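Next come two complexes built around subunit A: one with subunit B, the other with subunit C.
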Partner chain A sequence: MVQERRILYEHLDVPDINTFDVFRQYDGYKRFEKAIKEYQPDDICDMVTKSGLKGRGGAGFSTGLKWSFVPRDIEPRYLCCNADESEPGTFSNRYVLERNPHLLIEGILICCYAMGISTAYVYIRGEFTLGKRMLDAAIEEAYQQGYLGENIQGSGFDLDIYSHPGAGAYICGEETGLIESLEGKRGQPRVKPPFPAVEGLFHKPTVVQNVETLCNLPFLMGQGVEWYTSIGRTYGDTRFDPPQSDPNTGTKLYCISGDVNEPGVYELDLGLTAEELIEVAGGVKGERVKAVIPGGSSAPILTHYELECRLDFTSLTLWKSMLGSGGIIVMNETRNIVDCLLNIMKFYAHESCGQCTPCRWGTPWVRDIVQRIADGEGRQTTMQRPKFGIAEGGRWGDTGEMEEVYEDLDLLESVANNIANVDTMTWNTICVFGIAVSWPAVSYLRKFRPEFEAAIREGKLVTLPVEEATVPPEENYAYQQRIVPRLFEAPT
Partner chain B sequence: MAFIKLNDLEVEVEDGTNIIEAARQHGIEVPHYCYHPGLTRPANCRMCLVEPHVFFPPAGKVVPDRQLATGCTTTVRTAPPDRKLDGKYDFIVRTDSPRVKKAREDILEFLLVHHPLDCPVCDQAGECDLQDFSYNHGSGKSRYLEVKNVPPKKDLGPDVLLYSTRCIVCTRCIRFCDEVAGTGELGLIHRGSHDEIDIPRDHDENPLRLLDNKLAGNVVDICPVGALISKDFLFKSRPWFMKQVNSVCPGCSVGCNITVDYKEDGLYRIKPRFHEDINQHWMCDDGRLGYHYVNSEDRLKVPMKRVDGELVPTSWADALNLIVEQFSETAPESIAIIGSAQGTNEENYLLGKLAGEILKTESIGLFGREPGEEHKFPQFTIDADKNPNTRGARDMLKLGDDAALTGDALWSGVADAKAVYLVNGAPERPLDDMAKQALEAVDFLVVQDIFESDVAQLADVVLPGVTFAEKDGTFTNAKGWVQRIHRAVDPPGEARVDWEIIQQLANRLGGEMNYHFAGEIALDIAENMPDYQNATHQKIEDGGVNLVSEDS
Partner chain C sequence: MSNQLIQIETPFQFSEENQQEFDRLIQRYPVKEAAMLPTLHLAQKQAGYISPAVMEHVAELLELPVMKVKDVVTFYPMFFEEPVGKYVIRVCYTLPCALRDCKLVLEHIKQKFDIDVASETDLAKGTTPDGKFTLLKSECLASCDVAPVVMVNDDLYKNLTPEKMDEILDGLE
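What follows is the complex of A and B.
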C-alpha cells in the first residue's frame, strides 16, 4: 500500500508549531536564511524551474515558467498568496494556515527574495477566521523576530506581508478576480492577456501563488532540487501513463472526502492512482465506488472504470479531467449522479460573478435544466434517431442502431458546451469558470447517461446499480479518446 | 501601419487599432455590445469574438488559434520581420469563420434567455443592437423554457429610467459615469444572473444618490438595448418615423455635434454625433433636453407693432415699412445694430453689412445669453458661454474679442442711440434693470426674436425669427471650429428665417442683397474674411473646418 510522505504536513501536529520558537526548532526560517546567504535570486528561480514544481492551486502551471514571465525592470512587483481556498472538496490550505502559518511566511519570504518583491499580500478566504487569526499572529511574530520588515536579518532585503480576508466569493480564488478584489473592486476576473505576471495588482507585475505551492519552497530550498525531483511517482507502472516525459515532482496534499472510511488530507507523492488513494483513505464506505471527482467539484467525474488513472496534472488532462486543487470526492453506489450534478450546478449558478454573458446566463440555465430533470419534468420525445458510437471497423460513426431522444439531455449538453466547449477545450468566457461549469455538466451526463435517462423516463430520481448507471468504457468519450492515441503507437 | 489579412481582404491599419475598428474601417461589421470606442474595454459581452490565426510550429504553418479572441481587446501591431505570418502579414484574423458565427449565435441565445422580448412596446426597437444582431447573427428560436428573471423597473434620475429586464449588463453606462462623467453614480448590485444596474440605495431601497449629472443623458444613447430610456423621449415616437439631420447644439460655445430627430410637428430628440476634437461621442443634458422651446406654442408667429402701448399683430409689409420709415428719419450715428451670439455667421455678416454699407453706422453691438456656469468633467467640458456663436458673431460684426454681450459696455452704447435693431433668438434672456432702462430709453426699438421675451416686450416692432432647427447656416465655436447647422422643421406661422428678414430690410433701406440661400452668404464670407476662407458650406460638410488662423 502507498505510504504517506509528510513534508508540508510533517510538523502539523507538533504542539505550538504556530509559534515562532517551536517552528524555529524544526528548521524554521533556516531555509530562508540559507537562501539569502548562499543563493542569488536568479539561482532560486533556476532551482524552482529545475524542480518541476507546478502550481498547486488548480491549473498546474509550471511555477518556474510563471516566474520567468515577470519583467524584472518594473518596480514594484507584488506577490499575492492565494489562500482563498473555496473549491468544494478542498481543505488542505486551511490546515497550513491554522496550524503552521510560519511555514507559509517562510515560503513567501523565499519567493519574494527570488523575485525581488517587497510587498506580499495573503488573500484569505473570508470564512477562515481562525486561519487569518493564526496567520496574523505569525506575521506579527515574524516582524518582531526580524524576519519581516526592513533589512531582514541584515540582508538588505525588505518584505511586508499583509493579510486580507475575502468576502465569500468563489470567483475571488481566480487569480485576476483575487487581484480585483484585493484592489477593492467587485471580484470579477480580468481579461487576459495581460497576465498578472506582466500586469497584475495595481497594474504592476504580480506573482500569484497558492499556499501549497509556496509551502513547497522552504523544503525545496532546504533539501535541494535532486531530493525534490526524487519524490513523485515515476511513469511506467500503469497502463495509461502519458507518453511524454513530464515528471511528477514533490508531494501533493490530496483532500479526500465523500464515501471513504477515513476522509481527510493525505500528503502523498504526486501521481498515485485513484484506486491507491481510496485505499489510503481506508477504502470506500459502502459496497463499491460509483464515481470519483478527482480535483474539486469543477473537475470532470471519473467512473469506476477509470480509477486506474493517475492523479497528477498531466495524466488527468489526458483523461479529459484535471487534478485541479486536489479535492477528491468519492461516491458510492447509493449516490444519484443527477442529484450530485444538481448540487454542483446550484453552487456554480450561485457563484457565477455575472461579468460575461455566457456564464452569467448560461450557468443558471444549466442548473434549471438539471433541476427540471431531477424534479422528474425532463422532456423526452417519442422520436428515435440513429445512434452514433464506435461502429464496425472501430471507427466513430453510425452504429446501425436507433436510440431514444431525450430533448433535455441534448439541451443540457449543448448549453453547457456553449458556455465552454468540453471537446475542443475552448471557452467563450473571460475566465475558466465557464469550463468549470460545463466540465461537470457534460462529463456527468455523458458518463452516467443511463441515470439521467431514467430520471426523465420514470419522472423521478432513480439511483441505478453502478454497472447500469455507468456508460461502459467503450462508449465513454474520455476513456475512448484516452485510448485512441495508443492505436497509432508501434506494436510492442 | 500594420499589414493585416482581414477575412479575404489585405488591408493596412494603424498600429494599436483593435479588430472591431479595423474591420469597421473596411466595411466589415463585428457585432458588439460592451465595446464603445469612447470607453474602456471590459470584453464582457463576448459578442465580438473573432478568429485570430497564429503560427503553429508543429504543423509548420499558420492555423486558426485554438481560442477565439474578443475583437475589442485584440489590437494589431506591426510584427518584427521574422515574426510575420505567411511571410508578410502582421496579423491574420477572420470575422466570418463557422466558429465565429457559431459563437455569435450562442452568445445571442444567452443574451436573450432573460430578455422580455417586448420590442413592440420598447423605445429602442428599430435602433436596437440586440434586435439587429439577433436578426443578422442569431438563431430564429429560443430553447429557453425556464422562468425568466424579472428585475424591477427603476427610476434612476431626472431623465433616465431603467427597464432592468431588458438590460444585458454590458456596463457601458457604469463605465461612462466612472470614466467620462467621473461621477460614478451607477454600479452593479447582486451577482451572476441577478446582476442589476442601480444607483446607491439604503436598506429601505431609498436612493442615496440619483443619476443626476449634466451628462446623464448619454447613458441612454450608449445603452445598446432598450434598458436605459430617456423620460423625455419615452413612448413619443418610433425611430423609423422620424427624420434626422445633422446639426450643432446651440446650448453653449462648445458646439457639440448633434443629430436632430424630427417629424413634421416638431423636434423629438437630440443626440450627440461623434466629433473627435469637439465633443467626442457625448453632449450635455442642457443641450439634449433644451430643444423644447423650438416646439413651443408661445413662439412668435407673426410680426407685431406697438399701438397705443400694446403689441398687436401686423403684416410683414407693414412692420418692415414702419422700420424703414423710422430708420430713414434717424441720423446714421443714432442707429445701433445689435447682432446676436445666438444667430449664425451668415445673419451676423448681413447685419454687419447692413450697418456698415447701408446704414453707415458704427454703433454695432452683440447681444446674447448671460454666461452660466462652466462644468468640467474628466473627459468633457460644458462652456460658461451659453451662446453657440459668440466667436463667429464677433468675427462677422468685426468686434474685438472683448466685445461684451451684456453689461455697461453694451447698454451705454444703446443709450446713445435713438433707433435700435436688436436680434435676439435666445430661448430665454431675462433683462436686468440697467438693460431695461437702456432699452426703454430708445425711441424706436426693433427686436427680432423667437419669443415675446423681456426684450421683445420693450420693442416697438417685433419681427418673428427662427431657431437653429429652422434655418441653415454656420456657427463658430469657442475653439474656432466652423460648423454647419441644418434646417429640420418649418418656421412656425409667418416667422421667417433670420437672414432673409435682414436681407429684406436691407434691400428696403436701399441695399442690393441678392442671396438665395445661406450657402451663398458663406461664400461671400469666405471671400471677404481671410480666417473664413475655408468655411464654405461645401467644405464644412458634417465635420466642420477650423479657422485658418487656428491652423497656423
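What follows is the complex of A and C.
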C-alpha cells in the first residue's frame, strides 16, 4: 500500500496554523531566514534549477529555466502568484490559502529574494472569498512581524505582497490572461513571444508561478536539493545522446474526485500509477473504473487499459495525455462518456474568451454537436466507405474493410482538430485553451467511440458495459503510440 | 428594466468607508487601470449590481473612458449589470459535481422558488419576485472532493442534498 508523503500539507490540519505564532512553531519563516542569511540570490536560482522543480500549474515547465529567462537589469520586476484555480477537478490551492496562507507568503518571499523582486501580486479567483480573507489576514500579520515591507529582518530586501481578486473567468488562469486581467482589462491571453518572463505585467519582466510551486520553495530551502531530488522519479530523455535527466522530483498534490470512496487531496510522490492512486483514495466507488481524467478536464482521458500509466509530467506526456494541474476525476461503469463530454464542452463553450475565431466559434459548435448526439439526434449517413486503420504490415492505411459513416462523429473530430490539432500538436489560437478543448473532445471520441456510435444509432444515450464501450488497446491511438520512459542512469 | 425606454438614475458615490478602501487599493498599482477589478467588486458590494451610474463613477475614479469599464464588466461573469437577489445562489455544475448529482440540488431549488436558472443576459428569470434569491449555474468552484457544492453569496456549502439545501435556504433571512 502506497503511503502519503505530506510535505506541503504536513501541518495543514494543525489548529490555528493560519496565525503567525503557530506557523512560527513549525519552522515558519525560518527557511526564509536561512535563505537570506546563507545564500546569495543566484545560489537559490541554482538550487531551484538543480532540484528539477517543475511548475505545478499545468504546463510542468521547469521553474529554474523560467527564472533564468528573466533579465536582471530591467527594474522593476514582478511576481504574479497564480491562485486562480479554476480547472475542473482541481482544488489543492484552496486548502493552502484557507488553512496555511503563511506557507505561501514564505514561498513568495524566497522567490522574490532570489529574483530581486519587490512587488508580488497574488491573483485569487473571485469565488475564493474565504481564501482571500485568510491570505489578507496573514499578509497583515507578516507586515506587523517585519517579514514584509521595507528592509525585511535587516537584510535590506524589500517586498510588498498584494492580493488581487479575479471575477470568475477561467481563462485568467492562463498566465498572460492573468496579467491582462491584473492590469484591469478583459482577461484575454497575449500573443507569445514576448513571454511574461521578458515582458509581462505593466510591460516589465514578470514571473508567474502557481501557489503549489511557490509552496515547494520553503522545503527545498530548508532540507536541501539532495533531499528534494530523492523524492519522485527522474527519467532519461533519450532524445539526447547521452540521455539527459528529465526530473519529476518532489511531491504533487493530487486532487482526486468523482467515483472514488474517499475523494480529497493526497500528497504523493510524483510517478505513481493511476491504479495506485485510485487505491490510495479508497478505491473506486461502484464496480470498476471506466475512465480516468488524469489532469483536470482539459487532459485527454485514460481508459481502463491505460491505468498502468504513471501520473507524472513525463510519463503522461509520452502517453499522449498530461498531468496538468493534477486534478484526477474517476468515472465508474455507470457513467456515460457522451454525457460527461457534453458537460465538459458546455464548460469550455462558456469559458472561451472570444478573442480567436476558431475558439470562439469552434467551442460552441463542438458543444452543439455533442448536445445533438446526447439528445439522440446525431446525424448518420447511410453511406459506407473503406475503413482506414492499421493495415497489413503494421502501417496506417486502407484495411480492405468497409465501415459505416457517422457524419456527426467525423464533424466533431474535424471541428475540434481545427481549433487545435491533437495529432500534430499545433493550434490555430493564441493560447492553449484551444488544445484544452480538442484534447478531451477527440480523445473521448476516439477512445470511447462505441458509446458515441451507439447514441447515434439508438437515438438516445446508451451506457455500454465497460469492455464494449472502450476501444480495445490495438485500436487506441494513444496506447499504440505510447512511450514508457526509462529511469535515468547517470552517465559513467 | 429593459422595456423602459428612458432610465433615470441617481449618480453613484462610494460610501466614506469604501472611498477609504479605494484610496488604499489604488496605491497598490503603478497604473490606475489595474485597480479595476477590486474597485468593481467594491462597487458591486455597495450598489448590488454594476449600473451605468456605477460604471461612470468607476471610470471617473480610474481616469478611463466609461467604455473600458463596460468592456471589463461584460467580460467577467461575477459582475451583474442588472439587479440580482439579496442572495445569489451559485450551483456548481461542472463534471465532478455532475457525477455527484448536483442536478438534484439545482432542480430542487428551481421547484422550491418556481424560478428558472438565470442566464447572463437574463437575470430576471432566475430571480424570485420578492428579490430575495437569484439562481445561477456556476462553473467549477474548486471543491470537487466535497461535491456537490453551492455558493450562497460568499459562503460555500458542501456535500449537499436537496434536504440540506432546504435547511440552508430556509435559514436565510
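Simple rule for what comes next: the second predicted complex is superposed on the first by the 469 of 492 C-alpha atoms of A that agree within 3 Å, B and C clash if a C-alpha of one lies under 4 Å from a C-alpha of the other, contacts with A are read in each partner's own complex, and residues count from 1 in each chain.
In this text, contacts are C-beta pairs under 8 Å (C-beta built on N, C-alpha and C of every residue); 3 or more make two chains touch, one makes a residue touch a chain.
All values reported here derive from a predicted model rather than from experimental measurement.
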item: Subunit B versus subunit C as contact partner of A:Glu333, first or second or both or neither; value: neither
item: Contacts of A:Glu351 with subunit B and subunit C, given as first, second, both or neither; value: both
item: Touching partner for A:Tyr162 - first (subunit B), second (subunit C), both, neither; value: second
item: Which of subunit B and subunit C A:Glu413 touches, first, second, both or neither; value: neither
item: A:Tyr170 touches, of subunit B and subunit C: first, second, both or neither?; value: second
item: More subunit A residues in contact [subunit B versus subunit C]; value: C
item: Touching partner for A:Pro364 - first (subunit B), second (subunit C), both, neither; value: first
item: Which of subunit B and subunit C A:Asp312 touches, first, second, both or neither; value: neither
item: Which superposed partner A:Arg186 touches (first subunit B, second subunit C, both, neither); value: both
item: Partner chain in contact with A:Asn343 - subunit B first, subunit C second, else both or neither; value: second
item: Overlap of the subunit B and subunit C footprints on subunit A, listed as residue numbers; value: 169, 186, 350-351, 353
item: Touch list for subunit A against partner subunit C, complex; value: 85-91, 93-94, 125-130, 160, 162, 164-170, 181-187, 202, 255-259, 263-265, 293, 297, 327, 329, 331, 335, 340, 343-344, 347, 350-351, 353
item: Touch list for subunit C against partner subunit A, complex; value: 28, 30-31, 33-38, 40-41, 62, 68, 71-72, 75-79, 90, 93-96, 98-99, 138-147, 151, 154-156
item: Touching residues on subunit A, where the partner in the complex is subunit B; value: 169, 186, 191, 349-358, 360-365, 368-369, 372, 411, 414-415, 418, 424-430
item: Residues on subunit B engaged by subunit A in the complex (per definition of touch); value: 41-47, 49, 66-68, 70, 73, 103, 106-107, 109-111, 113-114, 143-147, 168-169, 188, 190-195
